[in-house]
Amino acid sequence: MDKVELEVRVRYVETDQMGVAHHASYFTWMEAARTELLRLKGLPYKELEARGYFLPVREAFCRYRRSLQYDNIAVVEVELLELKGASLKLGYRIYKKNDRKIAAEGYTMHPFVDKNGKIVKVPDFFKKLFGE
Amino acid sequence: MDKVELEVRVRYVETDQMGVAHHASYFTWMEAARTELLRLKGLPYKELEARGYFLPVREAFCRYRRSLQYDNIAVVEVELLELKGASLKLGYRIYKKNDRKIAAEGYTMHPFVDKNGKIVKVPDFFKKLFGE
Amino acid sequence: MDKVELEVRVRYVETDQMGVAHHASYFTWMEAARTELLRLKGLPYKELEARGYFLPVREAFCRYRRSLQYDNIAVVEVELLELKGASLKLGYRIYKKNDRKIAAEGYTMHPFVDKNGKIVKVPDFFKKLFGE
Amino acid sequence: MDKVELEVRVRYVETDQMGVAHHASYFTWMEAARTELLRLKGLPYKELEARGYFLPVREAFCRYRRSLQYDNIAVVEVELLELKGASLKLGYRIYKKNDRKIAAEGYTMHPFVDKNGKIVKVPDFFKKLFGE
């Protein structure tokens, strides 16, 4: 259960004049998927923020393999890649639902920061969510 | 000087598969234009927020007349329509720069609210900016 | 069945520094809801485009009543308001799912246009979808 | 002149509830910057599309160093990193204009594709733009 899937339907606004989903949209889908991962782990991200911890993005990467069209359902799979020191690394795979062919894959890396933007160690309650 | 113009170049991400600028983008350009209006009036919006006042959107309207394409330069004209009680109403006209033909027109209405989201009267220093 | 509901979870990217969903996002949710309306009527919008008809936005209006926060589930209700001549008018109501309190309401108006951008009458097959 | 700078003012809509520019916006600024690079090279991207060539994104990467706030002016510097076979690689550096401190850096990689989405060699007229 360190892997979670979220379905996202490609919105018209997310297409561009090439007739496919714009590449920047994929990063917002990854973000929505990690929101689900934390929710299913029992700690919705807004609760994490309420506790004074934030997960800004330090690095974001995506490799695009096959385009997605308007109204396609994309399946965004997210999993924990690494959790140590002060940072969290998540990996993503995005499929087209109907044929399960891969559309893109990528990762994001996040430091843990407090309300003042200072980098802090991964809190213990967070490690426990992932059995670490 | 109660009217200000802002030039905006249509970004690729702002197009959709119809090959034109997506209608929701126009509202973000209007927003950028009112940012310029306040700056030129001497009160950047971020300073207004720093003073504890916010201008959320209560109403937003746009009528689209001619489409805009990727890389077109749009001129967004904004002017004060009304300032009374607790609210501000602004009007917008969006032109295509090269032929000055109108692309869209609209308005937004904004209540003044404080940090707690409570509606408050238009502050005097704000009225003075517009000679009212 | 001339009314359809779509649930949308507010994404982090859709918030702004006021801590609420940005007003332009509502127009993209309305768009997603009319996509569902057409699908449930039996004519997905992409099929309409495949038949050579497009529904650009002529007018868009939204009145915002209560803000929506990150991770809230918004219910977007869409219904046919008018279908005549060459145009379609749809009405929307957006609720916060957990308390069913209204967050916003609005409408969009769309001309029917062909591949060349020429305005055309509402096609008969479209009228039939709505029993008109 | 294989390096070009574009100034972008951070829009309100581009902020999120963390109070800074959202990470996905950086990719749209990079896109706007490469539009300028091609324009200054004498071949606006829309002309490239008119000639039947497209530059979808194959890879996109960004490392975020310091956050950008609403109304900050960001300077997006773009330069050619590689042009060979069927692909173009561009590098980016994003500065905060007022202190010239780096905010982010990244790259994008693009295959050349034709109207049918088939990958094709970098056309000669494109190589010449960059003196290759």
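For clarity, chains are labelled A, B, C and D in written order, and residue numbers in each chain start from 1.
By definition in this document, a residue touches a chain if its C-beta (ideal position, glycine included) is under 8 Å from a C-beta of that chain, and two chains touch if they have at least 3 such contacts.
Since this is a predicted model, take the numbers as computed values, not measurements.
The greatest centre-to-centre gap from chain A, using C-alpha centroids, is found for B. The chain pair with the larger count of C-beta pairs in contact, out of C-D and A-D, is A-D. Taking each chain's centre as the average of its CA atoms, chain B and chain D sit 27 Å apart.
Taking each chain's centre as the mean of its C-alpha atoms, chain A lies 23 Å from chain D. Per-chain CA centroids place chain C at a distance of 32 Å from chain D.
Contact with two or more other chains is made by residues 12-13, 18, 20, 24, 28, 31, 70 of chain D.
In the complex of the two chains, the chain C residues touching chain D come out as 12-13, 15-20, 22, 24, 70. Touching chain C in their complex are the following residues of chain B: 18, 20, 23-25, 27-28, 31, 54, 56-64, 67, 117.
Considering their complex, residues 9, 11-13, 28, 31-32, 35, 44-46, 69-71 of chain B touch chain D.
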